[in-house]
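Okay, structure first, notes after.
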Amino acid sequence: MVEKVKVRIDGEVIAATAGQTILEVARANSKYIPALCYMEGLSATGACRLCVVEVSGVARLVPACTTPVAEGQSVVTSTPQIESYRKIALELLFAERNHVCAVCVSSGHCELQALAQEHGVTHVRYPYSCPRLPVDTTHPRYVLDHNRCILCGRCVRTCAEIEGAHVWDVAGRGIGSHLVSELQRPWGEATTCTSCGKCVQACPTGAMAEKGWAVEEMTKHKTVVSRLTSMREGS
Amino acid sequence: MSNALAMALPRVEDQDLIDRIIGDQAGRPGALLGILEKLQDANRHKYLPMESLEYVALRTGVPQSQVYGVATFYALFNLDPQGTHTVAICRGTACHTRGSRALLERVKLQLGLEESGTADKLTLTTPDRKFTVRTVACFGQCALAPVVEIDHAIRGHVKEQALIREVDLLRKEAAR
Amino acid sequence: MTTKTTPKPQAEASAARKLTIHPVSRIEGHAKITIRLDEQGQVADTQFHVTQVRGFEKFVEGRPYYEMPSITARICGICPVSHLLASSKACDSIMAVRIPPAAAKARELLHMAQFVQSHALSFFHLSAPDLLLGMDYDPAKRNVAGLLEEHPDALRDGIALRKFGQTLIERLGKERIHPSWTVPGGVNNPIDPSVRDKTLAELPSAVAIVERTLAMWKAAVEGFPAEVESFSNFPTMYCGNVGPDGSLRLYDGNLRFVGPDGAIVADQVAATDYATYVAEATLPHSYLKAPYFRPVGFPGGVYRVGPLARLNVADRTGTPLADAELAEYRQRYGRIVQSGFHYHYARLIEALHGLERIGELLDDPEILGTRVRAHAGVNNNEGIGVIEAPRGTLIHHYKVDDNGAMTWANLIVATGHNNLAIGRGVEQVAKRFVHGSKIEEGALNRVSALVRAYDPCLSCSTHVLGQAAVVLQLEGPDGEILDEIGTV
Amino acid sequence: MDKVKIGTCWLDGCSGCHMSLLDVDESIVTILRKADIVYGPLVDAQEWPEGTDVAIIEGAVSSQDDRELVQTARARSKYLIALGDCAVTGNVPSMRNGIAVRKLLERVYVEGADVSAGIPTDGVPPLLRQAEPLRQTVKVDLHVPGCPPRPNAILMVLSELLEGREPDLGSKLRFG
């Protein structure tokens, strides 16, 4: 039994199905809400806070990717306050690691870089933490550069939910959090990795890339995850 | 897979222990935390060896990366062998303003521990595994600042000289 | 906010003095010159300081080798293409590939475009104010703005020539500065025929500019006898790349070293053997290391690189117009040209050669070939790339582990090779022009102009970590600073 | 009307942003008619002049000299532009930041020298611990990101300023 609800997004009344999230409904109706950790076909985690929206009757901003629609709900996707929060979130992502866009394999094809431009982030107002982080080059076909990881977890969920291998997870906590394969093994020695490369395609930045592509050359096939999901649902 | 597993397995008696612990916890949601806690408790050096973590993953079906994520998220768990004695120095705000950093540096010097930690948690163990020095975010005893915990006993208003004496005493004890 | 101004202690009657030029202006980077005077007010000695260091050799450790071309391009925004290419060549050698012929030609085309723009910048934007307005011209106007007033046609020529080179770079690599077109294994896109057609159409007017400028230069140089005589006018060795037939090679070739008299000391030295001949010394007063000719030793093994050196080293340029100019140049100054002032002349001849090579490469049907990239993993744990940058020989030397992570890097840049010669040149020109307690601005400018003649790329030089502007400081024998021109 | 006084300099950068400025080609003539370049690599001024209208700074702040120069530029200029990623984010120069300065210098001048090894100190400025964006040292009025910023963006910024308007970069520019 599919229950229908009516919600208002940026003033427009939209019919939706109960259980859908605000983000899903918005995107299905060509309303743009930015997001980094969300990826169609994966579970939502509400980690990056870029998709925050205003919901009538709720005092704080809520992440659109994890908030279900409800009858009579009124959603606003962009206000000066929302935009300023999104900008802060983006700036903090840059400040945390060493992105150095100019010499990144994903420059020009990076979701973080593009979102920063879209939101008019011309500089970061916080001091950079400049951690010294390794690059894992041990896998024969792929590379993991921790300097460019934003801990969105898309690789973790892709590997766990789509490939079923769950090679990746996030270890540590706070500023020390980092992506880990198995028990902190070098990627090339991870026995559960099938080398399918879907994590690389899911990565929004240059943190994961195919080996051998030079700066600016790494373009990703972002739809691989949603295509697989929809094909499986269809079968 | 079988080959890599064979190399990484813990000793047979440890396997038995892990199997027993897992058996006790079987089916409980969030069982992993309890398993790891018991495992660390049973370890002579109070830590979780990599082989044990791998075996836990194998037996519980929890992915290795998730086991590792849990083991590194909680400050309670150690991935390195701990010393016989533990000196935990608080670096909460109150203790910090009352000179806990100097206490830490002094103890490190006394025990010949050199490297400095940059992460939010610092744990250093002497090569002879007699002492582990670590920092703690807050003991909740701010009125007693600076606070140091020695072998699970809290000391308040700690002075440098008193701390040195106490650690020296433990060192001589350990030497006997 | 407080501003620190440089202290300027007054000269006491007796003492000898130190003079500092800081910044050395109209150069590509940051340098400082210290001149010590004796009690008679004569130049006792000088130091050429490069004052910035950046640490590329260290911080690239751990990075995948195939990122090196783009990372090292950020050493220099004037000749990023040189670093892109030297680095790509080092990477080709790590991959153990021979890149497709179309890719080699495409890279050389990009390189020639850079030669043209870089030589245009050095000649017109940086040095022409001295050469056309005069060494003693009002320093407030001795720059491109002054050129605009007095010699607008020359300035327009300079802008147009630089634009020709930069536009070709942009057409090939999408960006004028830091294009990412050149990659390990070749280039990442074949050349579109429209690039060839547009460039060939513009080529004649670029050639005309260089020919016009050469004619102007040949007349103007007569007005600088003292500069010709004193700008690094001393015997040194010279180094540059030549082809198997001894002709000038800028993209490929092997190293040749010649003695002060032109005798060949070492020839057809492959990139892999560079270290047999080149060693490096640290100077206590500069962040720029000083390479020297290893068989002779330090500090005697001074050699020069760059346009003057290349034309001394090569038997011919290999293109007709440039060869005709080279013949006239040699007729005027001899087979081995020693004065550093003639770097300008040599630079113009090379710009002409660069334009001719562009024409030749574009006329070659292979330039449009579509196989332009070889793919491979790590097949060598070490790779060396050598190229002639506009300022001289550039060496990239890398070591990687089996996974392709950089474990070690050494970069020897053109201005480094010239470091010892510039240092000695500063002393020579200071002794010729700087006298007494009061420093004349014109004297100061000549010291800077000597540095400028080498077209030192201090951005490149300071890849290790530093920066150079020129401060001229007059210092007494006991070290007090008597006069200082320049700012920190 | 008086010409606008522009000063430019580069700190720890590659000069590419200055080259991108020259890449406006013939438009530089238009700029030169409306503005005087009172300091910078293209002119002979030895000192950053008082009363500068616009300071255009390329590169990160990496050495004592850099810090002093940018502070002087700030104190003597009405409007300060951070031009390019090094000035805006630290960019490639900041890749050294996780490494101790001493290690960096030793790698280059001691390990990397065949003779007379040693870290230069005579007449060269000390390095700062990190290469940092300008805004961590001085107040910046406008950030123009890019490696380098494209010539048309630089031309737009300068044209607006020469017309007395505050440039609005909106979403025109990106890092890298």
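Think of it as A, B, C and D in the order they're written, each chain with its own count starting at 1.
As a convention for this text, a contact is a pair of C-beta atoms (placed from the backbone, for glycine too) under 8 Å apart; a residue touches a chain by one contact, two chains touch by 3 or more.
Just so you know, these numbers come straight off a predicted model, no measurement behind them.
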Practice item. Determine the chain that sits nearest the middle of the structure, using the mean of its CA atoms as its centre. Key: D
Review point. Out of A-B and A-D, which chain pair has the most contact pairs?
Key: A-D
Study note, to complete from the structure: Distance in whole angstrom between the CA centres of subunit A and subunit D is 34
Point to revise | CA centroid of subunit B to CA centroid of subunit C, Å | key: 58
Practice item. Express in whole angstrom the distance between the two chain centres, defined as the mean CA positions of subunit A and subunit C. Key: 45
Exercise for review: Could you check subunit A for residues that touch two or more other chains and list them?
Suggested key: 102-103, 131
Review point. What positions in subunit C touch 2 or more of the other chains?
Key: 71, 74, 178
Check your understanding: Between which chains does touch occur?
Key -> A-B, A-C, A-D, C-D
Practice item. Would you mind writing out the residues of subunit D in touch with subunit C in their complex? Key: 10-20, 22-23, 25-26, 28-29, 32-33, 36-37, 41-48, 62-63, 65-66, 68-69, 71-72, 74-76, 91-93, 95-96, 99, 103-105, 107-110, 112-125, 127, 131, 138, 147-148, 151
Study note, to complete from the structure: Listed in rising order, the residues of subunit B that touch subunit A in the complex are 1, 4-5, 50, 53-54, 57, 63-69, 72-73, 118-121
Review point. Touching subunit D in the complex: which residues of subunit A?
Key: 94, 98-104, 107-108, 113-114, 116-120, 122-125, 127-128, 130-133
Exercise for review: Could you please specify the touching residues of subunit D with respect to subunit A in the complex?
Suggested key: 82, 85, 88-92, 94-95, 97-99, 130, 132-133, 135-136, 140, 143-145, 147, 169-171, 173-176
Exercise for review: Under the touch definition given earlier, write down the residues of subunit A that touch subunit B in their complex.
Suggested key: 131, 156, 160, 165-176, 180-184, 191-192
